[in-house]
Amino acid sequence: MPAGELRHTSPPPPPPDTEEEEGCLWSEIKAEARRDAEAEPSLASFLYATILSHSSLQRSLSFHLGNKLCSSTLLSTLLYDLFLNAFSTDADLRSATVADLRATRHRDPACVSFSHCLLNYKGFLACQAQRVAHKLWTQSRKPLALALQSRISDVFAVDIHPAAKIGKGILFDHATGVVVGETAVIGNNVSILHHVTLGGTGNTVGDRHPKIGNGVLIGAGATILGNVKIGDGAKIGAGSLVLINVPPRTTAVGNPARLVGGKEQPTRHEEVPGESMDHTSFISEWSDYII
Amino acid sequence: MPAGELRHTSPPPPPPDTEEEEGCLWSEIKAEARRDAEAEPSLASFLYATILSHSSLQRSLSFHLGNKLCSSTLLSTLLYDLFLNAFSTDADLRSATVADLRATRHRDPACVSFSHCLLNYKGFLACQAQRVAHKLWTQSRKPLALALQSRISDVFAVDIHPAAKIGKGILFDHATGVVVGETAVIGNNVSILHHVTLGGTGNTVGDRHPKIGNGVLIGAGATILGNVKIGDGAKIGAGSLVLINVPPRTTAVGNPARLVGGKEQPTRHEEVPGESMDHTSFISEWSDYII
Amino acid sequence: MPAGELRHTSPPPPPPDTEEEEGCLWSEIKAEARRDAEAEPSLASFLYATILSHSSLQRSLSFHLGNKLCSSTLLSTLLYDLFLNAFSTDADLRSATVADLRATRHRDPACVSFSHCLLNYKGFLACQAQRVAHKLWTQSRKPLALALQSRISDVFAVDIHPAAKIGKGILFDHATGVVVGETAVIGNNVSILHHVTLGGTGNTVGDRHPKIGNGVLIGAGATILGNVKIGDGAKIGAGSLVLINVPPRTTAVGNPARLVGGKEQPTRHEEVPGESMDHTSFISEWSDYII
Amino acid sequence: MPAGELRHTSPPPPPPDTEEEEGCLWSEIKAEARRDAEAEPSLASFLYATILSHSSLQRSLSFHLGNKLCSSTLLSTLLYDLFLNAFSTDADLRSATVADLRATRHRDPACVSFSHCLLNYKGFLACQAQRVAHKLWTQSRKPLALALQSRISDVFAVDIHPAAKIGKGILFDHATGVVVGETAVIGNNVSILHHVTLGGTGNTVGDRHPKIGNGVLIGAGATILGNVKIGDGAKIGAGSLVLINVPPRTTAVGNPARLVGGKEQPTRHEEVPGESMDHTSFISEWSDYII
Amino acid sequence: MPAGELRHTSPPPPPPDTEEEEGCLWSEIKAEARRDAEAEPSLASFLYATILSHSSLQRSLSFHLGNKLCSSTLLSTLLYDLFLNAFSTDADLRSATVADLRATRHRDPACVSFSHCLLNYKGFLACQAQRVAHKLWTQSRKPLALALQSRISDVFAVDIHPAAKIGKGILFDHATGVVVGETAVIGNNVSILHHVTLGGTGNTVGDRHPKIGNGVLIGAGATILGNVKIGDGAKIGAGSLVLINVPPRTTAVGNPARLVGGKEQPTRHEEVPGESMDHTSFISEWSDYII
Amino acid sequence: MPAGELRHTSPPPPPPDTEEEEGCLWSEIKAEARRDAEAEPSLASFLYATILSHSSLQRSLSFHLGNKLCSSTLLSTLLYDLFLNAFSTDADLRSATVADLRATRHRDPACVSFSHCLLNYKGFLACQAQRVAHKLWTQSRKPLALALQSRISDVFAVDIHPAAKIGKGILFDHATGVVVGETAVIGNNVSILHHVTLGGTGNTVGDRHPKIGNGVLIGAGATILGNVKIGDGAKIGAGSLVLINVPPRTTAVGNPARLVGGKEQPTRHEEVPGESMDHTSFISEWSDYII
C-alpha cells in the first residue's frame, strides 16, 4: 500500500533503530507498572512478576506467555525458554511486538496504557505467540508449532494456524473466536475484531485462505472465506460474509457482502480504516434506510 | 420500564429483606448439593469444596471465583480475599447475585437447579466477577479491574469491560464470546445469548456503546454497535446486526436489522422477552416466507 | 442415510473388528509421535506423557482429557479414572473416537497426522469428553455430566449439553464457540465449523433443538434454532440463520437462510458435504451476483 | 520368629481371606471418614476426594499416593496408574497395607483411627510407596523405582532404597529422617521410630546393610550400620549406635551400644517390643543410675 | 518461672497493648520488605504477595501458611480462611506470633530481620500453624487438626501433635526433624534446635510426654522421652538422651544424659539459656577432658 | 591437603579443560537417560523434560532445580532464569557440579549412574542450589539468597546457610536433616552423611561454625558445634558429638567424641576417608569391646 495514497491517522513511524525504540517503550511500560504497583499493592506482586522484575520487554513477554500458555504437560520453563530464544535472536519479532503495542494503544480507546495491552490483551498475546509458532513452522519444527497453536486456542480462544503470515502493527481487539487459516496472509496495520474468520474452502489442499492487504479493518463477526483478496485500506463490516475480492479502499457489508456504493462504482474512502478503526459509520448509513 | 406495562412471566419479586432472600436461596442450594453429593460420591469432593463447606452464598461464590480465575501470577487466595471483601461489604452485589440465580433458573429450561447455575454457568460467574471489577473501577482501582477483566476473558471467553453497567436479573446463556464495551449499559431482567457483542464505534473516545433497556432479549450472535438505545422489552433476533435505536417492545431481526412489522409501524409485543426467552417464534415468522 | 444415495468421498468403511481397527490406528499414532519426538526433543516429554507412555488409545485419550479438563476442585486423577472407565467398558465410545480421528484426518487439509488431531484439536477432544458426559447423563448421573460440560466449555469454549446425541465420524473444526443444546441430535459423518449454534426456542421445555442428519456440513458461524430437521447431506452456509427444515441434499444460505435454487425446487447436490467439506463454492455462486 | 516363644500383645492374626479382611477394613475406614466429614464440613472435600469417592482401599491409597508424590515432571495421573496397577495385581502388597494399618492403629496411642493413618501418617504412606518401588526394582524397572524413591524422600523425608526388603505389620512412627539402605532387610511386626538409620559400611559393594528380625523395636534416632543382625524381638534404644549383632530378645542401648545386662549374659525379655512399643522403660533403668 | 530468679538477656517485655505491639512490628516488617523489594526486583513479586499487599500481620501470615501448606486436596483458599479466622478471633495466637518473631530475631544471629523469620523460618511457620491446629483440637475439631499436623510434617518436616501445649517466645531453630508428642508441654521463652524429640513411652495411653519449663534450651538432636520434667532454665546438651527429670537451671548432657556437676550437686547457672542460646560452652568443658 | 600424604582411591583428577570435561559428562548423562527412556516409556516424559530436551548440563540442572524449588509465590521460570544465569556466567559453579557428580557416582555404591545422581539425589541438588545462593550472598543479594535457602530447606530438608563456603567433590549422602551454619567452611572431597550438623555456639555473632578440611568423612547423625577445626582426612563417627578440634587423619567417635587411639597419640590412617567412605570399620573396633 503506497503510504501516500491514504491519509494516515496513526502516530509517526517508529525510529529506524528498533532497539532504541524497544528500550524507549520498555521504559514507559515499567514506569506505568511502577505507578500501578504503588497505587494498588494487591496487584504489585503480579506487576513485579510480569514486568518490573524483568530487564527487557522480550524477557517480560516470554515470561508472561510461558506462564499463560503452559499446561501440566508443557511446562512454563520450557515455553519460557522457547519464547526467549525466539525473541532474542530475531529482531523482526521484537519490532513486530513494538508495532503491535503501539497500534493497540493508539487505536483502542479502551486501552489505557502499554502495560495494559502487554498484560491483558489476549489478542496481542496470541499474536506474539503465533509469530513464534510461525518461526518454528518455517524452521520445519511443525509439531512444536502446532502444539503452540493448540495452547493458544485453548487459553485465548484464538486459533491462528502457525503457517499464516501476519504483518506488523496488528490489533486483534477482544480477539475471542478469531480463526485464521493456514494459507492466510495479513498485511501491516490491520485491525481485526473478535469472532473474525479468515477461513478456507473445504478440503482442497493448497492456497485456500484470504489475503488481507495493509490498513484493512475487519469488523466483529465477519467471515471471509477462500483465497480472496481484501485490498489495501478496505473495510469489512461487522457480521459480513465475504467470498469475493474486495477492491482497495472500498467497503463490503452484509451477508452475503455487497460493496457500499454498488458493485460497479463502489464508494472509495481516503482514510486507513485499520488505523482509524471507524467501523460503524459506513454501516450505519447502509442500514439506516433499512431498519 | 414500568412493570405494569408488560405481562410478567417471571417469579414474584424478591422479598424486601435481601439477607433473608439470600439465606433462603443458600439453604436451597445446599440442599441440592447435599442431594447430589449423596447420589454421586465422585462429585462430592467438588461439591463440598465449592458449596457444602461454606457458611454463606457469598463465601461459596468467592471461593469458586477465586479458584476459577486464579493464575500462576494471580493467586487464588488474593482473588478469594478480593471477592469476599466486595461481596461482604456490598448488599447490592449480593442481591444482584440472587436475582441472577433466580433469573437463570427460571428462564433456562436446561438449568436443573440453582447449584447447577452457581457452579457451572460461566455466564453467571463472569457476570458476578464483572460486577466486582465494576466496583473496583468506580473506586478508581482500574489496573486491578482490568486485570480481572483479562482473567474473565481468558477463563470464560466473556469479555465485559469493568466500566460497563449491568442491572440485576441477568441471564448470560452459554456466554462464550460475549463482548460488552466500556460505555455499555444493560438494564434489569435482560437475557443475552452467546456471541453477542455490545460494541463501540471505532476509536472515538467517549460514550460509544449500546444502552440496553429492561427486559430485553438479545439472540445468539447478535451484534449491536454504537451508542444506540434498545428500548425496554425489545427483542433482537439471533445473528442480527443492529446499528440504530430499537423502540420498546419491538423486534429487530436481520443483517442489517429491520424492525418486524416495518420501520414506521413496528409490531409491538406484550410480554417481557428477556424473561420469557421466546427468541425464535418471531424470527420464524419472518424467515418463513423467505426460505 | 442410504449409502447408495450419495457419492462417498470418504475412506472405505472401518473393518468390522473395532478392536483391530483401534489397534491399527494406535500403532500409527505411536509411530507419528515417535518420529516427532525424535525430530523435536523439546516436545518429546509432552509426546511421551500424552502418547508414547500409554498402552492404548483409550488410555492416552483418558490421560490427555484428564489433564486438560482438570481444575483445582476436579482433580486430574478423578477425571482420568472417569474417562478410562467409560472408554474401557464401552466399545461404542471407542469406535466413535476412531471414526472421529479418521474423519478429521481425512477432511481437514490442515490436519497433518492422527496424533495432531488427538493432541491438539479441541473440537475432537471436546466431542470425546461430551460422549462420556452423555453416557453419564443416560445413567442418570446428571450432576457429574453437567460438571463435565462446564469444564469442557471453560477449557475448550465448546458448550455441548450432555443430553445431546452425537453420531460418529464427526469433525468439529476449530470448534471455538460451538453451542449444542439439550435435545439436539447430530447424525454420522457430520462436519461442523466453529461458532455454530444448534440452539433452542426460548424457555419452553421439551424437544426444542435441531436434528442434524447424516453427512451434513454446517459452515462457520451458522445458527440453527428450534426443533428443525436438517436433512441428510444438506449444507448450511457460513453465517446462516436457519429456523425451518432444510431438505436432504439441499443448501441453505443467508440470514435468514434461503434454499439455493429456490424454495419450491431447491438445487440438489450429489456429494456428501459433511465429508467433502466443500463449504464455499455454493455460497460463492450465490453471493457472486450480489457483491 | 516362632510365635510361641514371645508373649503377643498384638491383635489376633488376620483371617486367611485377605480380600475379606481388606473389605472389612475398608468399610471401617469409610465409616470413620463419613463420620468426620459430617462433623467437619471444611474437611469433607478432602475426605471425599481421598476416601469416600473410592470403591476400594487400593484405589483410595493409589489416589492419595499419586497426588502426594506427583511433581511438575511426574504427573499424578501417571503415578496413580502405576500404584493402582501394582496394588491391583499383587495381593501381597494389599495384605501388607492392611497389616501396616492394623499395626499403626494398634501400637500408636496417638493414632485415633484407621483413616487417620491412611491419610496422615507419612511413615505409612512412604512404606506403601516403597513396596511398589521394590516391586518395580525386582522387575528390573530400576530407573522408575529410583525416581519413586527420590520423590518419597523429597515429600516425606523418608529415604528407603527400593531394593530393601520390608515385612508386614510395620510401623514407621513420625518417620521423618528414616534412612534404609539397599541391602537392608526388615522382618514382620517391626516398629521403627523417626531418624532411624539402617546404613551401610562405606563404598563397598554387596550385602552391607542391617538385617532386622521380626518384632524388633528401634527407638528414635538409632543408627545401625553394616551387615549386622538384629535378632527377633530385640530392642534398640533411642539414640543408640549399633555396629554389631544384637541377639534375639535382648536390648542394646547407648553410643556405642551395649547390651543391657552385659555382653556375656544379656537380659532377655519376653514380650515382642515391636508390638508393645515399650521403648523407654528399659532405657530409664539403665540411665537412671547415670544421670 | 519467677522472672527475678534468672538473669534476663532478652529484650524488655512486650507492652501491655498487644494490638499496638503487633502494629509496630508489622510496620517494621513492611519497611524491611519494602527495602528488600527495591534492592532486589526479582524478589519483589514474592515480597508483595506475602507481605506488602497485606493489611496486617495476621493476614500476611495466613496467606503465607495457606500457600505453603496447601496441597491438591487441601486448597490454599480453605487453609487461608481457616488461619485467618483463627488469628482474627484469638488475640493470644497473635501475641504468641509476635513473641516468637521477637524471640527468633533476638536469639538467632543468623536472623537478619523480622521479615526473614516470617517468610523463611520453617520452625516459626510450623509453630504458628501448630497453634492453630491446637485451637482446633481444643474445639474438638480433631480430624482437621490432624490433617493440619500431617501437612506441617510433610512440608516442614516438623511433627508436633496438635494436642501439645506450646508457650510464647519460642524459637525452633532450623527445625527439621523436630517431633513433639501429644501430651508434651513447652513453657515460655524456650529454644529448641533441630532433630529434637519430645517423645512418648511406648503404647501406653495418657500423659506420656515431656514437660519443658520456661527458658529451657534444648540442643540439636537431643531426645527427651517420657513424662519427665525439664525444670525452668535447664539446658539439654546437643545429642543428649534424657529419660529422667532435670532440675531447674541445671545442665544435662550425654547419651544417656548426666547432670553437669554430678547427680547430687549439679552445677546451677544463672542465665536463661533458652534466651541466651549458649548451647556449647558447657558441653565443651564436659567433653574437653574426654576427647 | 598434600595429595602425596594420603592414599587416593578416587578417580584421576579431572582434565584441565572444564568445558570439555562438562561436555563429556553431559554426553554420558544423555546416553544413560536415552537408555532408560527406551527401557521405561512411563519414565520417558520425565527424562526428556529433565535431561534429553536440554542442550547442556547447566540448562538441565537449572530446569530441574527451578521446577523442584518453585512454589506458588516463587515461580519456576524466575528460578530457572536465576539458576541458568548463575551457571552460565560462572565456570567455577559448573566445575563444582561436575566434581560433585563424579564424587557421588564414585563413592556411593547405591548410585547407579550420573543421571541417577543428577535427577534423584537431594543432597546433590541442595548443594548446587546452595552454591548459587552463596554467589548471590557474596553479591550482597542477601534476601534472595535467604529465600533460596528456605526453599531448599522446605523441599529437601537440607538447611545450609548461603554464606557457608563449600568446596568441590562433595557428597551429601541421603542428606535429610543436614544443617550447616553461616560461618562454616567445607573443604574439597568431603563426604557428609544425613542428619549431620555443622552448628554454631549460641547467639554470639561472628565466626562460630566448624571448619571442615579436605577429604573429611562425617558419619550419619554427627553433630559438630562451634568454630572447631576438623583436619584434612579426618573421620567423624556416626552419631558423634564433636566440640573440639580433630587433628588431620585421625578419627573421632562417641558422644562426646573421643579420638581413636587416645587423646595424646591418636591413631592416624592413610586413606582419604571422604573418598573411601569407610565409615564403620573404625567404629566397629571401638564399639566391639563395649557392646
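A, B, C, D, E and F are the chain letters, set down in written order, and residue numbers restart from 1 in every chain.
One rule holds for everything that comes next: a contact is a pair of C-beta atoms (placed from the backbone, for glycine too) under 8 Å apart; a residue touches a chain by one contact, two chains touch by 3 or more.
A quick note: this is a predicted structure, and the numbers were derived from the prediction, not measured.
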Length of the shortest touching-chain route, chain C through to chain E: 1
Touching both chain A and chain F (chains): B, C, D, E
When chain D is superposed on chain F by its C-alpha atoms, the rotation angle in degrees, nearest 5: 120
A-F, D-F or C-E - pair sharing over half of the B-C contact pairs: D-F
Chain separated most widely from chain E, comparing mean CA positions: C
Farthest-lying chain, centroid of Cα atoms versus that of chain A: D
Pair with more cross-chain C-beta pairs in contact, given B-F and A-E: A-E
Separation of mean Cα positions, chain E and chain B [Å, integer]: 51
Between chain E and chain F, centroid-to-centroid distance (C-alpha), Å: 28
Separation of chain C from chain F, taking each centre as the mean of its C-alpha atoms, in whole Å: 56
Multi-partner residues of chain B (at least 2 other chains): 42, 45-47, 49, 53, 67, 72-73, 75-76, 78, 157, 176-177, 195, 221, 239, 255
Chain-level touch network, classified as line, ring, star, complete or other: complete
Of chain D, residues touching chain A in the complex: 72-73, 75
Residues of chain A that touch chain F when the two form their complex: 45, 49, 53, 63, 66-67, 73, 75-78, 80-81
Residue numbers on chain D that touch chain E, as the complex places them: 36, 39-40, 42-43, 45-47, 49-50, 67-68, 70, 76, 106-110, 112, 116, 119-122, 155-157, 174, 176-177, 193-195, 220-221, 237-239, 253-255, 276-281, 283-284, 286-288, 290-291
Partner chain B, residues of chain D touching it in the complex: 37, 41-42, 44-49, 52-53
For the chain D and chain F complex, residues of the former touching the latter: 71-75, 78, 82, 141-144, 146-147, 149-150, 153-154, 157, 159, 161, 176-177, 179, 181-182, 195, 197, 199-205, 208, 221, 223, 225-226, 239, 241-244, 246, 252, 254-259, 263
